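Next, two complexes with chain A in common: one pairs it with chain B, the other with chain C.
Right after this comes the complex of A and B.
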């Protein structure tokens, strides 16, 4: 009983910020509340959910969100590991480099997204400026669907690689140096050491990186809202952006809540799959 | 790989069966401070040399420089007639047992042991054969699927030793391999380790700060202090003819008695070489007594300073105890330089 009492503050907080909004949304997803109802709530049963299942844009956005998350997190993992390895070596100015490397992570997303929007601007941004200087045609980075998608990935990788590098650097520092010395004496090269020692021993850290980054990337909103607004032609739109548009542009709160919850359920399924995979590999290892 | 028809490789092969190591004026500096200051040593094939010294004397650094893990700032390392001073660690054919054992924590015992062979391109059947043999030799067969975390300290040490043996090294380096084990286990393992190290034809260097261990395992002992070699010889030589005050004080327990003389020399006399006399000698008073059963260690006070005396456990300790020693047991050192006279 006293245990429950001690946990009560945390439980109440969780209830207030997590469970209650979720239940509220679940209830809202069973209502129609839009301009057509005069913004009054009208119970409509599972109508919103039926609409969701048949909503091509929702599934298109789900796919785009997944693609964005998987590709950018994969790139961040590779780049983050490379940077972590570099920052783990002893060299002059490493301390400064370690601080500098964190800067993109410290920048507010909206600010950096605005910066990238300028960098990709056609024709006035620096990249197109450079292309023009070289006598080449400008590229409509944010106006062509495939390029705009790449632009969102580039901006996200630039912003969050430092976070990945930091976590992996912490992992690298936990690996005793004499393992590498023993490995070298046995005839192993540094490259072999990376695959035989570093990566296996970094696994718990890689798992944490994947968990944090995938959860964040699958819920991406601010970067895309500012950089592309989900366009062109909703080709970069994420589920969070779609939910936002439903509520704030289309003033369809009932359906927005349904999109939100649908996204939540998809994430939950993904997280469960990841945990199962980890348990499976742990038992095997 | 080996081409036996080639006379050059044939000779080289002959040498690999019995190698020797020579260090010529080995130096190592860190930030201008000498850590090793001209270490010159020779270890013969099949010989086990203990590097003995207090912590911070540079003994582990000697191993690391020989292995190529630390750079060499002067001097030469000659293994089996070839200068390996500038060679990469992987090419030196040197195996090392680390103080921490440095086992790969994510791999089972058998994977820990076969990884090196895999890297060196040993064929799978031969790998399995050699693995089985070394597991047998070190009584690890039952533990082959365990991870290092599931092993006791002694078992980990044996895995580390097995890994070093599988390297088929031309030189075996051991960095305080027993310091993580409890005293009883250390004593049990000593003869085993000695049998394994001295059975091989490669020389072995064994770093320790424990003189008992050094004497129990090594054929010869090199005493190091402040990065300088103080003396190198058999345990008997070091004990009976210490080259200087440091070696005299470091080798032998209980510690040697050192009595300063007016002429600028110091007389050293081992506690077990003192004996009770009825007249003459040095009058002493008992301050403390450690009874060990067959023997006892007495802490005494005399007009020439404090004395340690190891004597029979039944020695009567009355008033008017007088001690003397035979002149042939006496060691004399210069007070200023510490060198033997």
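Right after this comes the complex of A and C.
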């Protein structure tokens, strides 16, 4: 009983900031509340949900968001692990390198997105400047649908790899060094050591990284809003951008809530899959 | 000693009384709070200061909003949604009016300004201020789409789409310019503005007129929309416009033209000053014209003006209207024209020989303004525009067929209007207006 009492503040906070808005959104998704209703709520049953299921744009954006999240998080994991391993070694200047490596993470997303918009500029950006210097044709990075989404991935990887590296570096420091010494004595190579010792022992940290980063990447908004605005031809639009458009541009709050909830349900499914995967691997280990 | 104390006491009391009196006397009866985008807040700063110096009963407090149009809209909407608006007047883009009015955030100006409020304006600046017969805004400055052309590369600007392509191709083959025509092709509102001018030039119309005549597809199902969209696609496909135009907003297009890379540019009047400044490769070599059109069709200019609207929640509408009139008045507009290069809306200013001597562009701007076309005045405009932009953006990046894409945009527009209860079919359900 006293345990419950001690937990009450935390529970109340959770209720207030998590459960209540969710219920509010669920309620809103059953209403028509838009500029066409004079912003009054009109109950429409499951009309918004029917529209969501039939809305090609929602599913296109869902696919694009998933593609963005999976590809960028996978790249961040690989690059982050490499950087973490490097920063874990003892070498001169490591302290400086550790601080420098964190810089992209410290930069506000909108600022760095503006920077990348300039870097990818055709023809005045530095990349295209270099291409022209080499006598090559310029590349319309942000004007071609098949390139623009990769541009968003590159910007995201640049920005969040330091975060991944930081978490993994913390994990590396928890691995006792004598494990590697014993492994070396038995004749193991460093490469084998990486796969037999480092990665298995880092697994809980990798799991946390995946959880944080996937949740963040699936909700991506500011990077895309600034870098491409969702274009060209909506090829980089994420679900969060679509929900924002519905609420703030179209003043269609009922449908925007439905899009947000739809996104939440997809996220929930993803998180459940990740948890199952962890349980599965834990049993095996 | 006692005398001195008494003197100090008397002095203090007097000072207090004078302070209180002057506070009561100088206390502003009404503070009119105005939200403006940063460039306008800066351009009107001394006008506001002068107003505040002249008036004791009314004071203006300006909130300097963000630079970007969309960011200003976000700020305004977020604060209006909270109910109690922190502003009395809002400086708004012409496309917001219908949406804000339908949301119930604006109050009509007719009771204060009367039926003749728009009489002093040139005809091109009068449209877009009334919704359902009620006056919801008074324009501060006019704005319209222009075709900039290079006077050193040709005798006269092209008047038809074919001429523009022919001149571009010739100049490109001669190696005198890299690109023929640069414009706004990014998936955003600017693309709708580009298209609005072209659909008119190909003999069509986007929006209400078409809807009223019973035509399906919000004007997009007809041949004019397909030809206008097809022309834009052709420009990119044939290299008249760079592929990068699909990510161009106004600054990018201006940059390319200013560097001397292109023969033609579509932009707003503000670009003129930018192109004449030091460091511009085309200073003194630029002319303006209206957009190209098929023979016999109108050379349209998309209207894009900013104007003041009165918010519903204002506690002192009279004072707010007084400020609105002062800021949109003759003296105020004159200063915005001479000092900041804006385009006025008042006929008197266009006719003023002194002003014309200082701004030789004014007669041409007035001509363009007479050709102004309005984007659909619909509460759902943002969404209708978004539907169009999506299809156009796909076409420009080389995907799809113009006729099919425009037909799809037309169907989606019809669907939206029907779902909102203002479409062609009978209302599916009654919603409060």
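By definition in this document, the second predicted complex is superposed on the first by the 283 of 285 C-alpha atoms of A that agree within 3 Å, B and C clash if a C-alpha of one lies under 4 Å from a C-alpha of the other, contacts with A are read in each partner's own complex, and residues count from 1 in each chain.
Heads up, the rule we're going with is that contacts are C-beta pairs under 8 Å (C-beta built on N, C-alpha and C of every residue); 3 or more make two chains touch, one makes a residue touch a chain.
Since we're looking at a predicted model, the values are computed, not measured.
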Please determine, from the superposition on chain A, whether chain B and chain C clash or fit.
fit
Using the superposition on chain A described above, determine whether A:277 touches chain B (first), chain C (second), both, or neither.
neither
Just to be sure I read the superposition right, which of the two partners does A:231 touch: chain B = first, chain C = second, or both, or neither?
second
Of the two partner chains, chain B (first) and chain C (second), which one does A:27 touch, if any: first, second, both, or neither?
neither
Would you sort A:122 into first (chain B), second (chain C), both or neither based on which partner it touches?
second
If you count the residues of chain A that each partner touches, which comes out higher, chain B or chain C?
C
Vertex chain A angle, Cα centres of chain C and chain B, expressed to the nearest 10 degrees:
150
Looking at A:188 after the superposition, I want to know if it touches chain B, chain C, both of them or none. Which is it: first, second, both, neither?
first
Note down the smallest distance between any C-alpha of chain B and any C-alpha of chain C in the overlay, whole angstrom.
52
Which residues, counting only chain A, touch chain C once they are in their complex?
32, 34-40, 42, 44, 121-124, 138, 140, 142-145, 148, 228-235, 245, 248-252
For chain A, which residues count as touching chain B in their complex?
176, 178-179, 181-189, 192, 196-197, 200-201, 285
Tell me, which parts of chain C touch chain A in their complex?
70, 73-74, 77-78, 99, 102-104, 185-188, 242-248, 252, 255, 379-380, 382-383, 386, 389-390, 393-394, 396-397, 399, 420-422, 429, 431-433
Within their complex, state which residues of chain B touch chain A.
67, 69, 88-90, 92, 94-96, 98, 100, 102, 104-106, 115-116, 119-120, 163, 167
